[in-house]
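Below, chain A partners chain B and then partners chain C, in two separate complexes.
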Partner chain A sequence: MTRQEIFDKLMEILAAAEGSDEIVKSCTESSRLRADLGLNSVNILYMVIAIEEAFGIYFDDVGVNAFETVGDTVDYIEGKLS
Partner chain B sequence: MNGSTRKPKLFSFKNFFHDFVRVTGAPVVLWFRPKRIYTTEKARIIPKGGLLLIANHTDFADPVYMMLGVWQRRQYFLVSEELMDSRHGRLFKACRCIRIDRDNPGVSTFREITERLKSGECVSMFPEGKIAADSSKPSPFKSGAVLMAIRSGVPIIPMYIEKKKSAFGRLRIVIGESVDVRAMYGERPTFAQIDAATKLLFEREQSLSGWLSE
Partner chain C sequence: MNARECFRPYNDPAEFDKIIEMDAVTDMWRHCMEQYADLPAIVFQNEAHTFAQLDKDAADFRAVLSEQVKDGARVAILARNSYDFVRAYLAAVTLGMTAVILPPQLDSMTVMGCCMLYGVSALVYEPALAAQTEAVRAKLSLPLIDITAVSGKNEPMRGCNAKTPCVMMFTGGTTGKSKCALLSHGAVMQGTVNGCYGVKHVFHQRYLLVLPFFHVFGLIRNLMTSLYTGSALMICENNKNMFRDVQTFKPTIMVMVPALAEMSLSLSRQFGKNMLGNDLKTIICGAAAVAPYLVEEYDKLGIQLLPGYGLTESANLVSGNPESLRYPDSVGYPFPNQELKIVDGELWLRGKNMMDGYVGGDESGFDADGWFHTGDLVRQDENGLLWITGRIKEIIVLSNGENISPAEVEAHFNALPFIQDSQVFEAVADSGRHILALEVVPRATVIGKMGLDNPNGFILAELEKINETLPDYQRVSRMTVRDSDFERSPSMKIVRYRLNHDQTGNL
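== the complex of A and B ==
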């Protein structure tokens, strides 16, 4: 799976969780999860669970603060898939 | 509701210390046992499978009152890292409390909680996150409890613990009807639905506090 495919799938997850495409329209890899997308720690935890199910991966014992930007999350998924 | 979780065993060696504390503490318990007020007849029915208990938090003794309020269930509390690492930490570990980093909650903590709930255990927590500065009314809830209940498919029972007025008097606890958030919002709710469920629980908690002023 390419990095772009991972990013697109992550955007689908975020859009489904938000209930609209608004959150992902201006989203880039440098977008900050909390400051730019307005997510809180529970939202990030929910996103992580959805990622595990969608990508079939298992997150290690990481805290929600480990993911500062969308790019950090894509990095983590990419690392797990490889 | 709650049909997917198993009924926990009556006795298990891993819970020996937890049960020892419950039995030896019985005389104190009888003296300080809170007066329980149920909002409805349905609220008297405490589910036997996985269950999430929530309450307001105004005092360090609140976990004790929660255990006394719903004595039928063996409850496991979420305990902050600071308390787990304190000199009382061994007690909390022996009672199988769940360690949580309040500032940076981890995926494994969430996984442990949902696994315990799915296995039929009763987890108790304070959605305010910490002891409220103003004990006269509940502080806004964090939405972690809702996510845990939705992901594990267990009901939530809200409780309101009265602020203790005298050292030797009995306080009152109001116990409300269980709330099945998964039935209301499904297994995959949106962020807005999680916030709505959290607001609903907070409103329930506020209405429970109203029972004490009647």
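== the complex of A and C ==
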């Protein structure tokens, strides 16, 4: 899976987690999950669980608050998949 | 019909007669040991502990406590959800000590402040949280007891009755200021037993715990009702793993706040399968307003979602709704052994489940006649069902003198299937006039399927249609469709906007 494909799939998850497609439109890898995208603790929990389900990976070595930006999250997924 | 009989039609007939009122946790524990000794009580970190094992471990920890603390003292517990927490809590309260449950995120100075304010005689702590006990260690001459300590001895339970103090728990109170409520054994047991009413199959179930023990919903409706009914409680260590735990433990009952129930439903929809597993039959949902659509959507998955209403001050449960499919927005019938009075719309309570009072402040929490004023506005229909219509502290008084209950107005907008949450609040227009404003968070999954060119325009138009049906004084003058969720408190409730009445510009 390419980095772009991971990013796109993450965008689908974020749209569902956040309850809106709006934020995804302006989202880049440097967007901060909480400060820029406005995700709250429930949204972040949703995102982590959905990533595990969608990518078939486990966040075993990090906490749910380990990622500051979208890019951090993509890095982690990419590392796990490789 | 008395309050208990009201629930009879909804419980399994054989099980209903097994719901016996008890006065003290010690009575309950003897009963548990007679009935359930060899059954699993707590599952934690892949290890199942039977009632007999928990009995032995609690007796061991009673010896640890009684060597350092006098009977009847207050013992603070600073620990995350774990088997050790259950062992320490059960040991303390069956010794006739009062367990002061401290939220594990408190910092060192706050832990010390609580120990001083609440007259604590010892602090039981989880070793991983030792840094948060530093101030107590440095400045107070309190025994600090490692929650994993083992004595190798067996200390018997003490005699407790309904009036013996049992547990102290933090609450936002009815005025929003944090307080600590003292609950007696009688109150805790009433709350524990209330958890059985209206649930068809409540004995010998499997509970998956995703709420903290420092919240009454976690301690009483989860832990205590689970033990009382001979059920097994699996403690989920990290909520991000809850669906993995679902796969292995196959829970039959879960107790949830609405935000978690909603999240589970959204995930189930996104991945096209019931993430909560096919064994789950019941969700007990409360601590915040339950959106009616949740009841209907979970019913489609074969899961009965039962909304309820409760307070820390009432040992959790005041009412429960076994008729949730017919009346999804009601909080149900009042539970037994309490008196209810509605005064100017506000619910007042008195009864066995009520706290003894707040500790550490000037306020007892009760009026001269012993009534507790909940701050919640309710109505009760001719059948006895209760509906929450708002909260007194949330009441908006506009300059025209009209009192507006935001929850009542929001309910009209929340009924739209594409609205996830809304908030009605007081704002100041550019003209300086105080107006009612509305913000909504759309439900993206519903809106997305509608294939709209201009979703926000559609939402605003639909909101305006609803607005026009409202009485003049309830109509909002400004509407905004948010592109992110509202700010939420640690308990996942929406943080309400507050208008500073000195301000003159826009919010």
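One rule holds for everything that comes next: the second predicted complex is superposed on the first by the 80 of 82 C-alpha atoms of A that agree within 3 Å, B and C clash if a C-alpha of one lies under 4 Å from a C-alpha of the other, contacts with A are read in each partner's own complex, and residues count from 1 in each chain.
Keep this in mind: a contact is a pair of C-beta atoms (placed from the backbone, for glycine too) under 8 Å apart; a residue touches a chain by one contact, two chains touch by 3 or more.
Since this is a predicted model, take the numbers as computed values, not measurements.
In the superposed model, A:48 makes contact with both chain B and chain C. In the superposition on chain A, A:65 makes contact with chain B only, while chain C stays out of contact range. Set against each other, chain B and chain C differ in how many residues of chain A they touch, and the higher count belongs to C.
Shared-chain residue A:37: touches chain C; no touch with chain B. Once the two complexes are laid over each other on the shared chain, residue contacts for A:77 go to neither chain B nor chain C. Look at A:10: by the touch rule set out above, it reaches neither chain B nor chain C.
By the touch criterion defined above, A:22 lies against chain C but remains apart from chain B after alignment on the C-alpha atoms of chain A.
Chain A residues in contact with chain B (one complex) as well as with chain C (other complex) are 16-19, 39-43, 45-46, 48-50, 59, 64.
Looking at the complex, you find that chain A touches chain B at residues 16-19, 39-43, 45-46, 48-50, 59-65.
Listed in rising order, the residues of chain A touching chain C in the complex are 13, 15-23, 37-43, 45-46, 48-50, 52-54, 59, 64.
The touching residues of chain C, when paired with chain A in their complex, are 239-240, 242-243, 259-260, 263, 266-267, 270-271, 275, 420, 441-445, 448, 482-485, 487-488, 490, 492.
Taken in their complex, chain B has these residues touching chain A: 101, 103-108, 110, 142-144, 147, 151, 188, 190-194.
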